[in-house]
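Both complexes shown next keep subunit A, but they swap its partner, so subunit B is in the first and subunit C is in the second.
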Partner chain A sequence: MAEAVVRCLRDGRLDGEHAPALAVEGSLQCCPLAAGAMLHIAAAFASQVAAGKAQARGLVVVAFDRSPLVYLEFMRRRSLDTNALDRCVRILDCYSDPLGWKQKIQNQQHQGNSAKQFSTNKENITVYRSVKDVTKLMSSVTELGGGFEEGKKYFSVAVDSISSMLRHASVPSISGLLTNLRSHEQVSSIFWMIHSDLHEPKVPRAFECLSTMVACVEPALVDPVCGESPGNLSVLEQNYSKAKFIVRLKRRNGRVKHLYEDLYIEGNDIKFDSAPSVSIEVNQSLVPKAQFNLELSEKERSDRANVVLPFEHQGNGEPIRIYDGRRSLPEAQRDLSLTAPALVDEIKAPKSGTAKGEIHYFRDSDDEQPDSDEDPDDDLDI
Partner chain B sequence: MEEYGGGGGDLLSEAMGSAARVVVVEDCVEAPGAFVLHLLLKRALASGGAAAFLALAQPFSYYDRVLRKMGCNLSLHRRNERLHFFELLGFPGGAREGTIADSFVRLYNEIQRLVEANRAGENAGQFTVVIDDASLLEVVALGSVNDVLDFLHYCFALTSEMNCSLVVLIHEDIYADEENMGLLLHLRYIADLVIKAAPLSTGLAADVHGQLSVVNKGTFSEQRAKAQKVWNFHFKGKENGADFFYPGTRH
Partner chain C sequence: MAAAGGRTLGRSSFSRATSNPVASSSGASGVKIGPNGAAFVSSGIPDLDRILGGGFLLGSVVMIMEDADVPHHLLLLRCFMSQGVVHKQPLLFSGAMKEPRLFLGTLPAPVSSSKEDGRYRAMGAAASSDGQANDEGLRIAWQYKKYFGDDSRAEHKDNKQEFSNDFDLRKPLERHLLNGQNIECVSIQDADTLSGLQDCCTSFLSKLPRKDGGSLTAGRIAIQSLCAPQCRYFEKDWDMVSFIRSLKAMVRSSNSVAVITFPSTVLSNSFCKRWQHLADTLLSIKAIPDEDKDLAKLLTGYQDMVGFLRVHKVAQTNSQVPVILEASTLSLKLRKRRSLVLERLNQAPVDGSSGPSSAASSSCSSQGSQLDF
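Now for the complex of A and B:
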C-alpha cells in the first residue's frame, strides 16, 4: 500500500540502524504508471515533511529522467505551496545537462551569459553536470541535504532513476553510493526507481537486496501473446490506464509482508485503490507455477480427512480399531480402496490391573493448511 | 475524408493528438516507416513551423523528390531557412576532429542554436527535430549506444525546455534478437508516442501495405487522459502520401 510505504519512509531510521530504503520497479508496459507512482511517493513524502510529521527535514530529489519542473509541478498540484517547496524540497538536476555539454559549448563560445535559462540555478534546483562521477554526486547530495536546516538534521533522498544512472556508472559504484547514503548519519530514508526491463535480471535484484521495501508496478493485464504488434489492443490500452502496485516489506524479524493495491491514472493525477481481498490473492500468486499440482481439490481434501491415521482413536463409538500397519490377507482382498486402508480388527482388551502400554495420539494439525506461510513466531516482537 | 495529398491525415492525426513531444517511429524491412517521417515533416512545415532534419539514410535530393510529390517544396523551405537540413552521411567526420562524443556535442550545439533562434524569432512556430534514423546513428557512433543515448537525451531535454518536438525513426527488427534491446527500449521509454509500422499477418496485399499501431502514452496530460491510447489501422502508400483506414473499410 502506498500509504504504508510512505509511512515507513516518513518514520525513518531507528538508532543504530541504516535508513529504510524503497526500490520502485517498473517496466515498459506500464511505464507511465510507474513514473506516476514515483511522483506520487515523492509528493506524498514531501507533504509529510512539510507538515512536520517526518523524521526528515527535507527531501533531495536526484532527477535524471524528468525535468525538475515536472516534480515541482506535480507537488504543487498536490497542494504543496511554494514556501513549503522551497523549505522542504531540493532537486539535484541531472536531467538538463548531465554530461556538461551545455557548459562545454558555453565555454567554447566564451559566453559568460548566465541569463540563459538552462544554466540558471533556481532556488531549489541545482544543476549537476558530472553524472559519471559517483563520488562527486554523493557529496553534492549530502551537501544539498545538509542545507535544509541548521545543525545536523535528517534528510531523505529520492533517485529517479537508477536505470539512467547505470548508463553512466557501474552497478558496484551505484550500489556503493546507495549503501553509503543509507549508512550516512543524516539520511533518514531513501527511495529509487529502476526500470527492470532495461537491464539483465540480476541488476534489479542486486538493488532489491539493498532495499528494505520493494514496490513493483506491474501491468494490470498480462497479454499471453506479448510483444507482437499490435497484440491485444484492449490489453495494451488497459495497461496504460491502470496497473498493480505490489509491495514487499521486509520486517525486522525477517518476515516478508506482501501488500497489494491497484493504481490508475485519473486526469493528470495518480490514484491508489486498495483491493479488498489482499492476502488471498497474494497467497495464490505465491504458489509457484510447477508442472505438478501443489493445491488440493475438494475431493482430495475430503479424502484426506477420511484417512485413518495409525495409533489414532476414532472415538465414534465403534469398536476401537487401531491400525498397526499390517494388512491381513482377507481384509486386503475385500477392501480395494487405497484411501481406506484395511484395518485389523482388534478389540481392545478391557483395562486390567496390569496396564499395558498405550499410545494416545492427538491430532493437532487439522486447522493448518499445508505449505501455509503463517509464521507461528509472528507475534513475537524481538 | 482523406485530404488530397495529405495522406489521410485524419486517422493518424487523431491518434497522435497535439501534445506529443517525443515521437518514435518503429518499422521493419517488410513495412518501412519512412513515409511517416515524410508526412510528419510535411505537416511540421505546413503549419508554419520550422524543422531540423538529420539525414543519415539518404541525401537531400531524395527527400526533396519524395516530398515534392507530396506537395511540399523542401528546396524552398531550405532557402527560406524554415528547414535546416543536416546531411550526416559522412558523420562524424574522422578522428582528427575529436572523439565521437565531441562530434555529437557539436551537432547538438547546432541544433540547440537553431531551436533558440526559432524561439526568439517573430514567427515562433513549432520547431521539430527529425532524425532518420537512430539505427544509423548507432552505426556512425561505431556501435556506442551510450553516445547515441546521450545525444538523444540532450535532444529530449530540448523538447521540454524549448517547446520543440522530436521525431525519431528506428528499425525495430534489427534489435529483435538481442537479449538487451538497448537503444530500442530506451527510445520506447522516453517516447510520448510510439508509431509502429508492421506488415499484415496475412502477408502481402495489393490494397493494404501494412498496419500502423499508435500508442499514445498521454503522460499526465488532462486532454489525453480519457482519450483512446492505443490505435491500430491499416495504411496504403501512395506517390503523394498514404491512406489510413480501419481494417475492412476499404472498398
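Now for the complex of A and C:
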C-alpha cells in the first residue's frame, strides 16, 4: 500500500545517513492520478505529523503546480483541522508569482505608494518569487522548516513538481538542491513528483538516483494504437479513473523490494487498493543465465553409491532380483522370461536358472566422472 | 611458463623467458607479474582477482556501471582503496561529495587471518595442488602447459595472501594507516568543469612513470560517480568523454590503475556506449529484488545474495588472446556478513513435477512429429 511509503517517510532518517527520499513519477496519460497520488501522500504524511507519530515536526510543501489552497483544502477533507494545519504545514508558494512579474506590474502601477508584498493573509503560505535562484530557494525552505518549533527539530520537504522547476533551472542545480536537502541535518525526509515523459529519459533517471524509493504511477490500460483511433474514449476514461501504483523500495540490505497497487479516484478522494495481478515481466528480465551446479557433495556421493540399480547383481549371495519398475522384487524374478532382452552388454553367468530372457548388466566405473573428456580410444594400443 | 618449477614440458620456445625472481618482493609492493609482461594489482576482492585473471592490469582503466537502486559499487571501491592503503600504494580519490576525506573513514580493515580463514585457503590451495599432482601423471600436450597459471600452486600461497586481502566490511581501517599515507582527495561536486580533476590526475600520475624493470610502485586512482547529476558539469557530455580519454592515455603510460564508477542510467544511450567503449575493464552492478519467490526457486543461495556483478570486458593489453570467462554474471555475497565473495550462479534443483520436465517432453514430442519422412 501507499502505507509502506508513508511509513518510510514518517520514520525519517537514521543517524549518520541521508534522509529517505521518495520520487513519484507520473506520465501524461495518467496525469491527474499522479497529482492525486502526490496529494494523498502529502496529506497522509501531514496527518502523521499532526498526530505526533513522525520524526518530523512539520512539512514544508514547495508548490509549483497547484495553488497552495488546493493542498490545504485536500488536507482539510482528510480531517486535519485548521490548528493542526497551521502548526504542521507550511507552503512555499511558487505557483502564484514564480518570476515576480505580478509584483513588478503592481509596483509599476502603484509607483508612489508603499508597495506592499502581495502576500495572502494566511500564516502558513509564503510567496516565493525567484524560482530561477535555486540557492535562495534552498535557504527559504530551510528557513521555513526551522520555523516550526524552537530548537533543532526535524522537518520534511515535499516538492511538487520537479518538472515545473526544470523549466526554470538546470538538472545539476536541482539535483544539488535535493542532495543538499537530503544531507541537511534537520531534514527528516523528502519527496517529490516528476512527470517522466516531459523530459529526456535520462532526467527522471537522474532524480531516481537520488531517491531511496521510487513510486511510478502508470496508466491502467496502455493504448496500443496511440492516437490512431481518436474516437476511442474508453481507454482514456479508464486511464483517468484508475492507474497502477508501482513502488520500488531500496532497502538497507542492498536489495530492492517491489510493491504493486492500484490507485483510483472515488468522489473527491484518492484510494489505494492492493493489486490483484502482480506483473511478472519485471522479474523475467532480471533473471540472469544460471548454470547447473554439477558438483556432488559428500553426502550426495555416498547416497549415489548406495543406490540399487535395476538389472544389477547385488553381490550378496542371493538370487538376482531384477526390478523392472512395475512389480515388487520377489515377483519380478519369476517374470524374468517376460522382460525384454534389450540391454545386454556382456555375458555374466547368472545365479538363477532361466535360460531365456536374461539381462546382464555391468555397472560403469564409479571413478569415472560423468561427461569427462576421456577419449575411449586411448585404450587402443596401435 | 618458465616459472613452472620442475616442469620442463612447459618451456615453450614461443613464450617469453621471463625470469620471476621478483615474485617474493613484488608481494610486498602489491604488484604481481603475470604472463606477457603484464603487471597486476589486486582489486581487494580475491574472487574478482581470480576471475579477471590476476587482478586489475596496471595501466588500465576499470569502469564500474552503477545501479541506481543499490550502492554496491561503493563496496568494490572501498575494497580497492583499502587494498591500496594496506600495500602502501599512493592513492588519489575523487567523489561527488563535499568532503571526500570522510569517505576514507568507511574503508574496511583486512580480515585478521584467523584459523578458519587459513583453513579455507589451505583447502582451496590443496585441492588445486592435488590437481597439479594429477597433471604430472596425465600426458598433456606441451603447448597447453603454458596456459596453466601459477596462481594455484601451493608454494605461492603465502605470496598470494599478501597480494590480495580479504576485507572485513564491518571493521574500519585503522587511522594510523590512513594518516601516514600518500592519499589525495578531490571533490568534484562543486566544480564547473573537470579541468581541476584532470590537473590533479596529471600531477599524481607524473610521479609514477612506467619503466621497464624499474621500480614497482603502483598508484591507484579511484573516482566515484563521475557523472552524478549533482555535479555542475553534468550536462557537458563531451567534456566528460574527453576527460576519460585523456585519463586513459595518462594511465596507460604510467604505473597505475584507475577505477571509475558512474551511474550509467543518467547518461544518454549514445554517451553511455562511448563510456563503456572507453573502458579497458568493464563491470556492472545489478540489483536483486527482495523476497522474490521466482528467483528463490531458480537460484541456490538466493537468501545470501546482495546483488549481481557482471563482467563485460577484461583488459588485455599485451596479448591477442582474449580472456574468456566461465560465467559473466556473478552473485555478490557477504560471507559471514563481513567479507565480499563472488560466486557463479547455480540453478536450484528443480521439482520433478514442475515445468521444465514437461517442457522437455513436449519438445520431444514436437520434434518427433517433425521427423516425418
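The working rule: the second predicted complex is superposed on the first by the 260 of 382 C-alpha atoms of A that agree within 3 Å, B and C clash if a C-alpha of one lies under 4 Å from a C-alpha of the other, contacts with A are read in each partner's own complex, and residues count from 1 in each chain.
Methods note: contacts are C-beta pairs under 8 Å (C-beta built on N, C-alpha and C of every residue); 3 or more make two chains touch, one makes a residue touch a chain.
What you see is a predicted model, and the numbers here were worked out from it, not measured in a lab.
S.K.: Check whether A:Arg76 is in contact with subunit B, with subunit C, with both or with neither, and answer first, second, both or neither.
M.R.: Neither partner.
S.K.: For A:Leu236 in the superposed arrangement: first (subunit B), second (subunit C), both or neither?
M.R.: After superposition on chain A, A:Leu236 lies in contact with subunit B alone.
S.K.: Give one of first, second, both or neither to describe whether A:Val171 is in contact with subunit B, with subunit C, with both, or with none.
M.R.: Only subunit C; A:Val171 stays clear of subunit B.
S.K.: Does subunit B (first) or subunit C (second) touch A:Arg251, or do both, or does neither?
M.R.: second
S.K.: Go through the superposed model and pick first if A:Gly267 touches only subunit B, second if only subunit C, both, or neither.
M.R.: first
S.K.: A:Arg87 in the overlay: touching subunit B, subunit C, both, or neither? Say first, second, both or neither.
M.R.: Once the two structures are laid over each other on A, A:Arg87 reaches no partner at all.
S.K.: Please indicate which partner A:Glu200 is in contact with in the superposed arrangement: first for subunit B, second for subunit C, both, or neither.
M.R.: Both partners, subunit B and subunit C.
S.K.: Could you pull out which residues of subunit A sit against subunit B in one structure and against subunit C in the other?
M.R.: 200
S.K.: What part of subunit A is in contact with subunit B in the complex they form?
M.R.: 28, 31-32, 35-36, 67, 69-70, 74, 95-99, 101-102, 104-105, 117-118, 167-168, 195, 197-200, 229-230, 233-234, 236-237, 240-241, 265-269
S.K.: Sort out for me which residues of subunit C touch subunit A in the complex.
M.R.: Checking each residue of subunit C against subunit A gives 68-72, 189, 228-235, 263, 265-268, 286-292, 294-295, 298-300, 306-308, 310, 327, 329, 344-347.
S.K.: Which of the residues in subunit A end up touching subunit C in this complex?
M.R.: My answer: residues 170-173, 175-176, 178-179, 200-202, 205-210, 248, 250-251, 253-258, 280, 282-283, 286-293.
S.K.: Which part of subunit B faces subunit A closely enough to touch in the complex?
M.R.: 101, 105, 108-109, 112, 146, 149-150, 153-154, 157, 160-161, 179-180, 185-186, 188-189, 196, 198, 211, 213, 215, 217-222, 225, 228-230, 232
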